[in-house]
Amino acid sequence: MVEMTVELPSDLGAEKTEALIAAERKYAQELQREGKWRHLWRVTGRFANVSIFDAESHDALHETLTRLPLWPYLKINVTPLSKHPSSID
Amino acid sequence: MVEMTVELPSDLGAEKTEALIAAERKYAQELQREGKWRHLWRVTGRFANVSIFDAESHDALHETLTRLPLWPYLKINVTPLSKHPSSID
Amino acid sequence: MVEMTVELPSDLGAEKTEALIAAERKYAQELQREGKWRHLWRVTGRFANVSIFDAESHDALHETLTRLPLWPYLKINVTPLSKHPSSID
Amino acid sequence: MVEMTVELPSDLGAEKTEALIAAERKYAQELQREGKWRHLWRVTGRFANVSIFDAESHDALHETLTRLPLWPYLKINVTPLSKHPSSID
Amino acid sequence: MVEMTVELPSDLGAEKTEALIAAERKYAQELQREGKWRHLWRVTGRFANVSIFDAESHDALHETLTRLPLWPYLKINVTPLSKHPSSID
Amino acid sequence: MVEMTVELPSDLGAEKTEALIAAERKYAQELQREGKWRHLWRVTGRFANVSIFDAESHDALHETLTRLPLWPYLKINVTPLSKHPSSID
Amino acid sequence: MVEMTVELPSDLGAEKTEALIAAERKYAQELQREGKWRHLWRVTGRFANVSIFDAESHDALHETLTRLPLWPYLKINVTPLSKHPSSID
Amino acid sequence: MVEMTVELPSDLGAEKTEALIAAERKYAQELQREGKWRHLWRVTGRFANVSIFDAESHDALHETLTRLPLWPYLKINVTPLSKHPSSID
Amino acid sequence: MVEMTVELPSDLGAEKTEALIAAERKYAQELQREGKWRHLWRVTGRFANVSIFDAESHDALHETLTRLPLWPYLKINVTPLSKHPSSID
Amino acid sequence: MVEMTVELPSDLGAEKTEALIAAERKYAQELQREGKWRHLWRVTGRFANVSIFDAESHDALHETLTRLPLWPYLKINVTPLSKHPSSID
């Protein structure tokens, strides 16, 4: 599980902000289509998300995250998850 | 998102513990088959899980959680999630 | 329950600040008249409030909150509440 | 705003627990009918509530809270609230 | 009990800072003479104070605090206190 | 400023509890009459107090606190206070 | 990185404690020889360790940890690590 | 710097408690005379101390601490200190 | 015990920074020679120190600390210490 | 164990940032070759690392850390580690 909070600097400007968010969206949807970004939810009331990634390794996950267009403005927390014995997936 | 941590009292006894966990598993799998408990992951290294529920209301979610056999021993934190504009689901 | 803390940047200027707060008030009172923003209290001694919203879904609540004129300057925490069995409402 | 979390000792016994909760409910409903306990909500997923009291003074509020049947088992946090300038109440 | 911590912006300037602190002192002493600001102590080693106010209501306390000249630069925490049964006052 | 929270063990028994609280009250009132325990307030909604002591030294304060009948059950936090330049005392 | 803190119940008894620690040591040394438990350090002044594991997956790591003889008494925190670009390993 | 907080179990008994504290005192004074335990202060209002140790290594410090008679009941935090460039020692 | 962390603004400039640190050092060494600043250690890996002051009163300590050249840039925490019964000093 | 988090000011500029990181890498690799910086891992999803240093003393470690080119922008936490009795190293 990857939890990301976006903290944009106040002097970024509307144009650059929109461009960044558009680029982020495009990259996020590519990763979802490739099956690497399995789930993506908005945290209600916050400029933040909760995500589930499917990565081959921690190295691969780190590389994916650092390529996010919003990477310089993200506070990220990674919680490793495993299969739950009661899960029917 | 529902985060649950199990804290069993040390004097519960092996038999009662096993019975509780078996009942919990059965109920968890029923809720998963009904589509109410959408995802269930183990937090690596902890007797805890991260779950996604699909409930009609907070009342319905609370009722579902209080019926968990392990309810008296669970520390639960609920974080409300919404659809993310970049999600392709 | 939605807890909001306002953190205005120090260089916002008095005029823009007043305009924002006036717009916030107008929108807040509309939502109260529509019954969506059920309760609104000031936290004593802070530029913060405690609110109760009545929303159809987390998606609807998130959309409502992001439309607040002060949204870019709000730290928001949402705690899901349910009916209490001892409540006479 | 009064936030209460119930922490019952594990050796309290089912009978005493039920009696306590019944007494708590009766007293909570009396206070609600008298208009002193204005709102009472369950925190979703927890044995806890969020409440709004209308008390003449901190002394009166403290006396009311210490008379709760569950008082010895409650962790209580009181946050003072005031009228919000945008509230239409 | 009201705990206040002062956080002045680094670009406020010596003159404005002195004027603010002088105005704060004048207002604080007026409130003390009127008996509304009962006690005022400096937290040793910090630009902060611990205060006891005697207010008719939370609304009155909030209005008093927002009129402090340093209000925009104060982090305030209010803890409601009551008469202690062992107090001889 | 001394903040004390009382945490009595659940198996202390009503009689011993009452005796301890009575002894605490007697000692607290003696110290107040001697001018050592200057102020004593109940924290609203908690089995806790906020106190102001006037002690010659940290050694003297520590000795006074360890003689409190409830000492073994107290969680204590001491915050050193000084005279505030705006205080009229 | 896996951080483990041991919290043994006070009524475990010296014999059972020694047996558990001996079993833990044996298992820890096996895992080290197999190259799965790469590093193991004591946190100075605590009954705790900092460890580096080399696991194929989060599932494999979780299974390894739950087989630790001290598992029921361990508070575990897992922080995912990756290769650092400046590392010469 | 080593910060120690003592948490004795409530069922330890007065005799065993006194014996432990006497043994702790004897050992603490030996270490002080040998110059290994450089400073020892009581935290005012708490059953806790702040200490400065002079140890050859972390291994030596850990061994010293585990030999403290109160070791099983101590919560310990070690903060590494160095020579300060402004110190005249 | 006084714990100080230095947080210099990023736009302070190398010259002013050096002047401040030199002034701080001079003042710190004077206070050490006078016996008021008893001990001064660097926290390893941080721009911070742990200090022991010997002051006649909290007022005197506060006055000493506010005269530190770095005072506007210090985060300070004061923990009151007393003589420990096992100390041989 | 040394945990470092990098917090670069937003106005540092790409050129200076790259030069700093290159210098950091060169110095980090020298220290690794000398055996002083034993291990270096990236914290997955963060601009942070977990490191193991082998230093003769806290003074030597502090000197090493303050020479890091990124030192002014590092938040550092040092946790002292010792040999673990179950380690086979």
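Observations
Lettered A, B, C, D, E, F, G, H, I and J in written order, each chain numbered from 1.
Basically, a contact is a pair of C-beta atoms (placed from the backbone, for glycine too) under 8 Å apart; a residue touches a chain by one contact, two chains touch by 3 or more.
It should be emphasised that the depicted structure is a prediction, and the values quoted were computed from it without experimental measurement.
The chains in contact with chain B and with chain G alike are A. For the interfaces F-I and H-I, the C-beta contact count is higher for H-I.
Looking across D-F, F-I or A-G, the interface that copies B-G in more than half of its residue contact pairs is found at D-F.
Chain C and chain E have CA centres that are 27 Å apart.
Measuring from the averaged C-alpha position of chain G to that of chain J gives a distance of 24 Å.
Note on chain placement: the centre of chain B and the centre of chain I lie 50 Å apart, centres being C-alpha means. Each chain gets one centre point, the mean of its Cα atoms, and the points for chain B and chain F are 43 Å apart. Looking at chain H, one finds that residues 42, 44-45, 58, 61-62, 78, 80-83 touch two or more other chains.
The complete set of chain-chain contacts reads A-B, A-C, A-G, A-J, B-C, B-D, B-G, C-D, C-E, D-E, D-F, E-F, E-I, F-H, F-I, G-H, G-J, H-I, H-J, I-J.
Listed in rising order, the residues of chain J touching chain I in the complex are 2, 9, 58, 61-62, 65, 76-78. The part of chain H that touches chain F in the complex is made up of residues 10, 42, 44-46. Only residues 57-59, 61-62, 78, 80-83 of chain C touch chain B when the two sit together in their complex.
Contact residues of chain I toward chain H in the complex are 1, 24-25, 28-29, 32-33, 39-45, 49-50, 52, 79-89.
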